[in-house]
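Two complexes come next, and they have one chain in common, chain A, joined by chain B in the first and chain C in the second.
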Partner chain A sequence: MSAQLTPLAELRATADGLWQSNGLPSPKLEAWKHTNLRALQRVESKTGGTVATEIPSEFDAKIAAPLDGFAGTLLLVDGKLNLALSVIPDGLTVVDLADAAPEQLGTIAKLDRLQDGLTARNLAQFDRGVALSVTGHDVGAIELRYVQSSEDAAMATQESRLLIELARHAELTVVERHIGAGQFVNNHVTEVDLSAGAVLKHVRVQHQDTRSFHLGKIAVRQGRDSRYESHVAQFGAAIGRCDIEVFLAEPGASCKLDGLYHGQGNQHIDNHSVIHHIANNTTSSELYKGILDDKSTGIFRGNILIYKGASGCATTQMNRNLVLSEQATVHTKPQLEIDNDDVTAAHGATVGQLDDDALFYLRSRGIDAQTAHSMLVFAFAGEVVADVPVESIQTLLKDELARRLAARTGLTVEG
Partner chain B sequence: MSPSATATTLPTEPVTPAVTETEATIAEFTARGYDAGFVTDISTDTAPPGLREDTVRFISAKKNEPEWLLEYRLRAYRHFLTLAEPDWAHLNYDPIDLQDITFYSAPKLKEIKNIDDLTPEERADYDELIKTYEKLGVPLHERSKLSGVAVDAVFDSVSVVTTFKEQLGKVGVIFCPLSEAVENHPELVKQYLGSVVPHTDNYFSALNAAVFSDGSFVYIPKGVRCPMELSTYFRINAAKSGQFERTLIIAEEGSYVSYLEGCTAPMRDENQLHAAVVELIAMDDASIKYSTVQNWYPGDENGVGGIYNFVTKRGACRGKRSKISWTQVETGSAITWKYPSCILQGDDSVGEFYSVALSNNRQQADTGTKMVHIGANTRSTIVSKGISAGHGQQTYRGQVKMLKGAKGARNYTQCDSLLMGDTAIADTVPYIEVNNSSAQVEHEASTSKINDDQLFYLMQRGLSAEDAVNLIVNGFCKDVFRELPMEFAVEAQKLLEVSLEGAVG
Partner chain C sequence: MLEIKNLKVKVGGKDILRGLTLDVPAGEVHAIMGPNGSGKSTLSYVLAGREGYDVTGGEVSFDGKDLLEMEADERAREGMFLAFQYPVEVPGVSNKVFLKHALNSIRKHRGQEELDAVGFLKLFRSKLKTVKMDKKLAGRELNSGFSGGEKKRNEILQMAMLEPKFAILDETDSGLDIDALKAVSDGVNALRDENRGMLVITHYQRLLDYIVPDRVHVLLDGRIVKSGGKELALELEERGYDWIRAEQGGAN
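Take a look at the complex of A and B:
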């Protein structure tokens, strides 16, 4: 054994230092202004941090049944890859991070950019997850299904990681479904590296137990003319936070970030994004739609940076929120930072309610209040859902939304 | 397109008369520069530089202030000592050395009762003062052309002249320097001073509360529509001095007032600090229109000198159906840090904010507004136009907050940025916080450069590049200029032209 550390090991040591010094992000940080992690801290201190749960051998095969339209499904139990119940398509290379850690890790979700300790903690402590890479042509769509081994398991913190590398002109669609039940903390960092001309469609359906915490960070580095499409749907968790940071590092790269969130009860759903237009002629578009009900809180913060010298960039950003309850709260901050004049940039944000006239119209046609209400909410969400790449996932999102709307309480029937 | 840019991109093109003409226009503009940059030579009464408790007591003593006001100042000063300068704004500047600033500087000349009684030296000072304001185009004689406007002229730390006081007094309007109001209407000052911007609000408001010198005091009694526009002209003259004026406007039930404010300063190589506080209070059905044309010295093209403008302006719509409207044209200052805000407390009250901010050369502006909706059916409109040229840096920072009780509240925000040159910077940072389901908020923003097609079209019609840009910029700012009183709109337009000179390209 030489004393020489590999670059990754060195990075992990630095990350550990950062975590020790920074700790959990406090609301004093601008990026965490509206999200207080006190509840998470309380829960974690009770169990003393990371608890690795055993994967039961007799795990139900039903839980791994593939959805329509997918070439493969990877089952991750408590964040760990279960190879036996997974189907890996041709052309996709999968590395279990419990066995090996590619050196690429930690180079895209860079530590020097961190204000908080969460991503650092993940890099220092992660012990599970997968690395996916595609070198050939389009391998189609694969699903990563994140489930919990047991609902009754002791409160556990999972530091899981996902790395997606696409070689030149490779194409892939990845759908992450986080559907774990029980009270747990999922600190999940995803890194994406797209070479020239690569196309990644990346869907995340966050539908964890409402007692759990989802802390997701996605960092993307894009090469020349590559394309990244992200669709984040957040329905679950007590606190659901998703941070996306995209580096449009080479000319012609483009990205699209879409999001849909629906908050009920006391849910706190937070979506953050930063898009760096570093190179010439890079384009981005962003559309996030939020539906906030009961006492839920919805947060959107989108920051778009156009670097000095990055000419010919174009960007649009929009956040729309529908507030369905008196007690719901919305915070939105669409932010532009532009250091170059050769640019077209537009952003916007709205917060409003269902249109009374539209409701009245539907009811005058004999549609009951509940249905009319649902129809309008559906129409509001439809714009985002229609762009989700796999049809079975679109159906799944619609069904979920319908289920949640049906369970809605406190609907006032007028007239 | 500047002539040099044309020459480099199209080297084969011969120099046309139009290009020569453009060059000449630009040269002429550049020579014109900042025409309020002269210094008035006048004898002054000055406090020793630096900020100590003594300084606060010195200012208070100079003004013969009552005990309660000195106590207020000292409270603010002690609180100020516990604060650190805020650093969240997108501004880069050398730290301000408060111990290097003169906090009080006033012309020796006191209020003039009879010109004939003056000694020769006083007479010379008097002439200098009058000349200064004449040069700046501010009428200090009541018979002058712009007689529809009453003026309070503030020179460094004191108000030197206030016109039309008597005529306004006839309808019950009080328009006088704040120090005079402390003497004659202490009950009003005591009641309202610091009630909208408390001394604990922020670093600069605490500083101001401790060392504020003169500013205007306006009181419009119940049901009175102020018969003329009121205005204050702020002039910084003394070197190394700071200006810390404080303005207080109270509009009683059913009244209306339109207040204008203009500012200039000499060209100097060192930075000077201006930290003002403005408080507006509107009761039931009252309406206050507050317009600013800010033309402090912006510094030279390399960013040397210029005024640091750190201002806290806030209006409280206390009454039902009250309205406060801010209009600002910010062309000057090296640094601008300013967020005129409205607290919409009364039901059905209205807040407005119209702003044009320009930063050329090395100017930096971090400006915007806050609209806090507390009452039901409150409405606010924000229209902000930022223009950034050269190495200029521009940030719109705004907050729209809808509290629980603000049922049916509405906000519309539009903030556009125009960039000229690839070294200019424009940021947009809106915060929207909604805590109730019946509020509606819309925010729209765009950032782009001057459209080449528009420029080409105008130049092809025979306009010089400079004129074409001016025309486009004017069109861009029209929504805001429309809100300004007429005289100010003309001045604002001219200012914008001068401020943009040499920026074309």
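Take a look at the complex of A and C:
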């Protein structure tokens, strides 16, 4: 943990060196085997990868209307906090990273290991984002709404960061919604630090513009008996990549990682996760469900590492894929690496199509083919949607899925 | 109402129905009995519009319309209903939501107003009573984890809700206890009227004590080879099918 003592400036200089020498991750790296960033590179080279424009002083306030069930909403425009249009609930401390004093940044970069050029670039260049912390008890749910200042803006890259720190027994629900329109690159690193007994429910809804790029890294460190629940829903972006790395560092810590992704057109959606069972009696469960249509590609790669000496651990991991088109592609690689005997583990992956018998059954009751199709896709996704913490977000996910399926079939169904 | 003429069907290149002719007029209930593998379920699937069957000859007219020209869902909206021998489990789809979709698509087709949640629930509850089905069970995911008998009861619940013009019951009585058999028969009898036709496939004459048929047909090797009144069912139960095979052998 000597990194903790290193001044941030020094870390950022090191990161910059890494970025300069490594550049964007290439498919030669195992973790990037199926995801080629050439398209992103092409777009960035046209504009020199410049940082986004200034936030216009007047911004449509409608966009910040809070969803049901939320104690607060933070509006982030091009990745920058817009305080005027945000509502911050009692008990939540928010630091704007764009103008934070150096000592307020002290905890940044403690958790994410610099593994590739992208996270290095983020550390070297990030100039926006927020740090959230809670010291009391449950603050409720807050939404971080990421929008773009202008749809017509020239291609822009933004390096943003989010830090969430929960003190002992603090509880918080954070929903990140990335809904920016336009062509842009969102390189976003989230760090989560949970002290003993803290509980964080963390949702990411990625429905960025399909011309944009979403590159997201989430690094989580968990203290004793803490709980981390992640729900990642990826619907948007030309390339949507989300990496989660969880360190179950102290005994009794547990995490649950859920995912839902739906690819249409030429979308490329990539989900990676690594769970480190470092301490005794740590548990994890993971369920990712992918729906791949048209010429889309869906990737799941999950690594679970049970460390030597970490006894009494339990883990389950499952990736299920529903392939709706012959031209869609699925890559799935659930992986377990176990360094001791005292563990219960189950993992697997499935790739299937819609069940013809079920389709016929529904149709034999008068339901038309397209509605029957949508009902079965909904049924597939339902299990993960039902576990998402805030009801209005469940509704939002269902509506989004219905909208996307309707775009395919011209029809709507109720879940 | 349902006229099947010389129907020939192949499955996976194999002849299964080999010139089947059957006429069920409106207002009548006909029973089909026949040994395992004789083609009873194949007939019901072909009538319901399942994919994977090659119709190589014959025709089926339903209420004056060419049934085989229609997609499965069109047939259902036109009033055809099949109670499956093996109802399909559809996890993740709520039984109620499914039934509401089905009912409203059929009502829309009939030119009736679609039911809202309240109207639907009212009807749903009253039909649950008719088939004596548990409310909790009925609210679960469609057939998912249902026992064999529960699945059959759910088929009859669907039939009671959708009020089809013509119903095919493929061994709905198999695997039912006496109470369930009575409930299922009550559900079926409640639907009997002069505008409806029914085809009841069964192995047991027991069912026909509850649902008394107008005609009984024997399906053997893909053809109706013998027809008679309800006493034929009794005779089949006593004597099996060999004597009919023998008659057939003699006739050929």
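To be clear about the criterion, the second predicted complex is superposed on the first by the 387 of 415 C-alpha atoms of A that agree within 3 Å, B and C clash if a C-alpha of one lies under 4 Å from a C-alpha of the other, contacts with A are read in each partner's own complex, and residues count from 1 in each chain.
Note that in this section a contact is a pair of C-beta atoms (placed from the backbone, for glycine too) under 8 Å apart; a residue touches a chain by one contact, two chains touch by 3 or more.
Here the structure is a predicted model, which is why all the values come from computation and not from measurement.
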Could you check whether chain B and chain C clash or fit when both are placed on chain A? fit
Considering only touches as defined above, state whether A:H331 meets chain B (first), chain C (second), both or neither. first
Report the partner of chain A that touches more of its residues: chain B or chain C. B
A:D357 contacts which: chain B (first), chain C (second), both, neither? second
Using the superposition on chain A described above, determine whether A:K308 touches chain B (first), chain C (second), both, or neither. first
Looking at A:E103, would you say it contacts chain B, chain C, both, or neither? Reply first, second, both or neither. neither
First, second, both or neither for A:A379, with chain B first and chain C second: second
Taking the superposition as given, does A:V323 touch the first partner, chain B, the second, chain C, both, or neither? first
Could you tell me if A:T371 is touching chain B, chain C, both of them or neither one (first, second, both, neither)? second
Between chain B (first) and chain C (second), which does A:A346 come into contact with in this model arrangement: first, second, both, or neither? first
In whole Å, chain B and chain C in the superposition are separated at their closest C-alpha atoms by 15
Listed in rising order, chain A residues that touch chain C in their complex are 355-358, 360-369, 371-372, 375-376, 378-380, 382-383, 413-415
Residue numbers on chain B that touch chain A, as the complex places them: 88, 402, 404, 417, 419-449
Residue ranges of chain C touching chain A (in the complex, touch as defined): 48-51, 71-73, 75-77, 81-82, 84, 87-93, 97-99, 101-103, 105-106, 109, 158, 162
What residues of chain A sit close enough to touch chain B in their complex? 30, 308-309, 311, 321, 323-326, 328-353
